[in-house]
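Just below sit the structures, each encoded as structure tokens.
One chain, subunit A, appears in both complexes that follow, with subunit B as partner in the first and subunit C in the second.
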Partner chain A sequence: MNSRATGTRGVRIYTGVIGAVTMAIALVPVFGSNYTKTFVMQALMSCALAASWNLISGFTGYVSFGHSAFFGIGAYATGIAIVRGGMPAPIAIVVAGLAAASAGLLFGYPALRLRGPYFAVGMLGVAEAIRVGVTVAEPLTGGGKGLVLIPEDVLTVAYYAMFAVATATVLVTYRVATLPVGLRLLAIREDEVAAELNGIQTTRLKIGAFAVSALFAGLAGGIYAWQMSYIDPGTVFAGSLTVRAIAMTMLGGQGTVFGPVLGSVLLSGISEALWAKFPFLHTALSGVLIIAIVLFLPGGITQILQDRGWIPRSRRL
Partner chain B sequence: MMEPDQPVDPILSVDRVTRRFGGVIAVNSVSFGIAPGTVTGLIGPNGSGKSTLFRLISGEIPTNTGEIRLRGTAITHKPASVINRLGLSRTFQLSRLYPQMTAIENLVAVTRAPAREASARANDSLAFVGLSPVADEFAANLSYGQQKLLEFARVLMNDPDVILLDEPFAGVNPVMEERLCTHIHALRERGKTFLITDHEIKLIMALCSRLIVLDHGELLADGDPAVIRADPRVIDAYFGT
Partner chain C sequence: MVTLVQVVVSGLLLGGVYALLAGGLTLIFGVMRVINLAHGEFLMLGAYASFFLFVRLGLNPILSLLISMPLMFGVGWIAQRLLISRVVRAPLLTSLLLTYGVSLALTGGAQATFTNDFRSVPFLSGALNIGEVAFSVPRLVACVTALVLTGAAQFFLARTRWGKALRATAQSADVALACGIDIDRARMIAFGIATALAGAAGTLTSFLYTVYPEMGKTFMLKAFAVIVLGGMGSFPGAFLGALVLGVIESTASYVTTTQIAEAVIYITLLAMLLLRPQGFFGLKEA
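This part shows the complex of A and B:
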């Protein structure tokens, strides 16, 4: 297999499509209906979640099944800051992102000492423990009944905020991927012992990537809470959020810059179409789709395009 | 350059180091010092503790007892990445490159220099070992000999003072062998210190100014290659004739 750069035309098409999609997304609130805005905003939220999951799991190979924990922490931090603290929403969302990043540092330090399935299951346990904790802490969080925020018509502003978070996540991924730090993260995925023996401070890098990953998931959770005006533990800590982020990243290409974007756009669109055509079967069909992605597209669409020489093997894609 | 048999102010010292795995004593109270700017061979039959000693020195596994010092600084229980940063780097018996990364990426990944400088340094290292033509090739696609050379180049990226080479000649064709020997000599001239383990005894004898022999985890002999070759204990334990 020749890995040399090929397919310059492919890159132009690839980046052209990304540019066109970005422009279209930016114009949706101007020309789109409320339904379109809500749908695209959900897709952007998925994109932020998938890209943030990719930052830790796609690059280092540490597959986290607990990514929804940071989304949930972001959502509840925002809700509590607005409802109990009387904070303006934008500040509350920033605080939520920082709270999620802090949680990433706190849980990452012990959890990232585990590897493979132990880490995956460990993070699942962390997410579940936080969900239960939030449910029990009723005076602060509203418990199982959920937390009602001050209802506001903020769809358009929240849309652009989510767009900004998704874009920032992808830009940070691009920056990481094009600097030696990205290669160091990939080295951890390839052979962590060799990476450590070659002087790469693996623990520090993993925890840093985990915290950045949690930051963006938390920001997305905060915007979600603000826009929805209501959150409950079952929704914002749902394991399905993590599963979808994983499936979207796998579909697009793990450890790539635009893979999670591609995956979230495609999977969001397919899920919506399935929901419209098969209202009673769409969940099962989505499950089958995710299984098919795991079985038949482990390297994702990006790898297929690269294998066929349509786009180069560049870390920038 | 210091005389090989004068371990005055050793750059690397191993002092009564022991490592057990359950009931097996893999390395038993081994002590030696390595003078700077020398090439030392660490030999012994299979299971004699050579690779375990490499793992202990590089910080991959901790010692049970004893102390290892690099330029006088105790590194015994320091993390492997810290030991590397202090100036000790190693290769592996079976190449441990990052297979889904290109040759140049394998080098840039481990460099502590800023991005642009890292790239320039990686290109220099590739040129040094003659791998510039395959810079953009995935490591997994390189031949075994090229992988060995790439791993050697990777070791040099952070300009270590002490380099441990674990079976660098295993499975390598004569052309690559010669190339590796040339690089080792060139680097020794620049003041680098080598500790090499390999089963290619003729090569080791020719390359090293001193040999340390291990057997059953214990130090059996230590000295000039010509003396070691004639040592009856070594002949009995290692050469078998």
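This part shows the complex of A and C:
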């Protein structure tokens, strides 16, 4: 392996790059237009969703096709707490995050006993069941017509909040990846029975990772609801949210720290460009893009860069 | 009592069409361990094929199956050859994401070419009364057609040489290969048949419901519930599951509302997964 990028110099370069990017994102609200702010905030939301999906599915290999459930729960819990409970938005969002995490525990406990395709289909069912449930519970949720929150101009504050959630998700991933717990989760992905035989408490770990993953998705959903001030079941429980998160994680590299970040930046940019250039073919081209990622970059960009020796094979990445 | 019979009858009629769609989905899962998220879009393509054949040539939808099914078989064959075959041995996520990409590409392509307009095929109407129970004629015709096609597929799987090859590939691809079965071809045939069945289900839904690019989504989720009920990978299981789900759906929408009935479907799916993940006749280990 080419060791050009390893060693202290390499570490300094990465720290520099991460610092510069963080600064740039932090300064967008100061210099950027509303369009830029909205776009970067969307990308940050995608990043939070991708990174939180990666925490459970990228590490343990349990493919959750119902990640949007937690985003939607976060969004609705925030909406209901603000509109029906009169709670101030920041508290409502925290409550919503906790609600999503509890839902993660609640569904994770039975669902994570299922393996492979059964888990994937099961989570798809969970997300749909919750979507229909929210639609039916009209007195509380406003039903299919959606829920109108108090409209406020909170774009800048919400932007920083989303930035904080995305950063927190990545930091937690970094902690997980560099601690033994990350290895344990990866062991579940490689061979769950063997992991268990080696004394790893797989059930507890899986459920824990699932709840943390749900927490961040819920927080992102809450901030989304606050900023949009209107939510409806079709949007916040959309399966496309889950699939975007999955595609981004796969593009960047599953089970890595920066994979979801890289993937969400690239895919957000590409999809925005496609949207601007081919508004009518946008959906079809997104599909083709996903097909291309699966066929040509199954291990993600991180793996390719590592294979070429441009970045070190470190669990810190 | 009459109402009860009526509800069960409409449920069974509904179930026939589900069986057609779910049968293909479960066949693909059984033979390849691939969950085909684009299956609903194959239904949509079949529906459009029949719609256009009806509008342009005035072709009877049931007769149009003779054209659309071979066409859809070809679509499936090509999809398997060009795309799915590359991910059969890959981790589950890879094939899920790939088929989702296909689903998006087909939905988006349909939106761009056929527009988002709701279309329908005005074919058959009215009801047939036997005693006090009414059979909706279009549903009856759809269900009978579905039963004939499902029966034919079952006959192919159970009684023919290639059917045997498909079942062998499903049991163990490696052993099948060692026995001299062309498993790549078996997989293409399986995918082709599944797609043709989904297309036929589309034809039937084209005169029962409306045709639009995103029509596949709801049917797709019901098909998932069906194959979980019947046991993923089991063709007869899917048939039984479809009838059961049809009756559950029609009873639930009679007792409550259509929306709650939808929730009941997902709850049935989850309950079955938790209590008996292998379904009625499914594989113990996937």
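By our rule, the second predicted complex is superposed on the first by the 299 of 317 C-alpha atoms of A that agree within 3 Å, B and C clash if a C-alpha of one lies under 4 Å from a C-alpha of the other, contacts with A are read in each partner's own complex, and residues count from 1 in each chain.
Definition applied: a residue touches a chain if its C-beta (ideal position, glycine included) is under 8 Å from a C-beta of that chain, and two chains touch if they have at least 3 such contacts.
A quick note: this is a predicted structure, and the numbers were derived from the prediction, not measured.
Peer 1: Pick one for A:117: touches subunit B only (first), subunit C only (second), both, or neither.
Peer 2: The answer is second: A:117 touches subunit C but not subunit B.
Peer 1: Residues of subunit A touched: more by subunit B or subunit C?
Peer 2: Counting contacted residues of subunit A, the larger count belongs to C.
Peer 1: Once the structures are superposed on A, label A:193 by its partner contacts, choosing first (subunit B), second (subunit C), both or neither.
Peer 2: Only subunit B is touched by A:193; subunit C is not.
Peer 1: Kindly classify A:133 by the partners it touches after superposition: subunit B alone (first), subunit C alone (second), both, or neither?
Peer 2: A:133 contacts subunit C only, not subunit B.
Peer 1: Report for A:223: first if it touches subunit B alone, second if subunit C alone, otherwise both or neither.
Peer 2: After superposition on chain A, A:223 lies in contact with neither partner.
Peer 1: Touch check for A:95: first (subunit B), second (subunit C), both, or neither?
Peer 2: A:95: touches no partner chain.
Peer 1: So, does A:179 touch the first partner subunit B, the second partner subunit C, both, or neither?
Peer 2: first
Peer 1: Based on the superposed arrangement, let me know which partner A:202 touches: subunit B (first), subunit C (second), both, or neither?
Peer 2: first
Peer 1: Looking at A:40 after the superposition, I want to know if it touches subunit B, subunit C, both of them or none. Which is it: first, second, both, neither?
Peer 2: Neither partner.
Peer 1: So which bits of subunit A does subunit B touch that subunit C touches too?
Peer 2: Dual-contact residues (subunit A): none.
Peer 1: Which subunit C residues qualify as touching subunit A in the complex?
Peer 2: Spelled out, the residues of subunit C in touch with subunit A are 29, 33, 35, 83, 86-87, 90-94, 96-98, 100-109, 111-112, 221, 224-225, 228, 232, 257, 259-260, 262-263, 266-267, 269-270, 273-274, 277, 286.
Peer 1: Touching subunit C in the complex: which residues of subunit A?
Peer 2: Residues of subunit A touching subunit C: 57, 61, 63, 65, 110, 113-118, 120-122, 124-126, 128-129, 132-133, 135-136, 243, 246-247, 250, 254, 280-291, 293-295, 298.
Peer 1: Going by the contact rule set out above, which residues of subunit A touch subunit B in the complex?
Peer 2: 1, 3-5, 179-180, 183-184, 186-187, 190-191, 193-202, 315
Peer 1: Quick check: in the complex, which residue numbers of subunit B touch subunit A?
Peer 2: 58-60, 79-81, 84-85, 89-90, 92, 96-102, 105, 108-112, 115, 118, 136-138, 141, 154, 158
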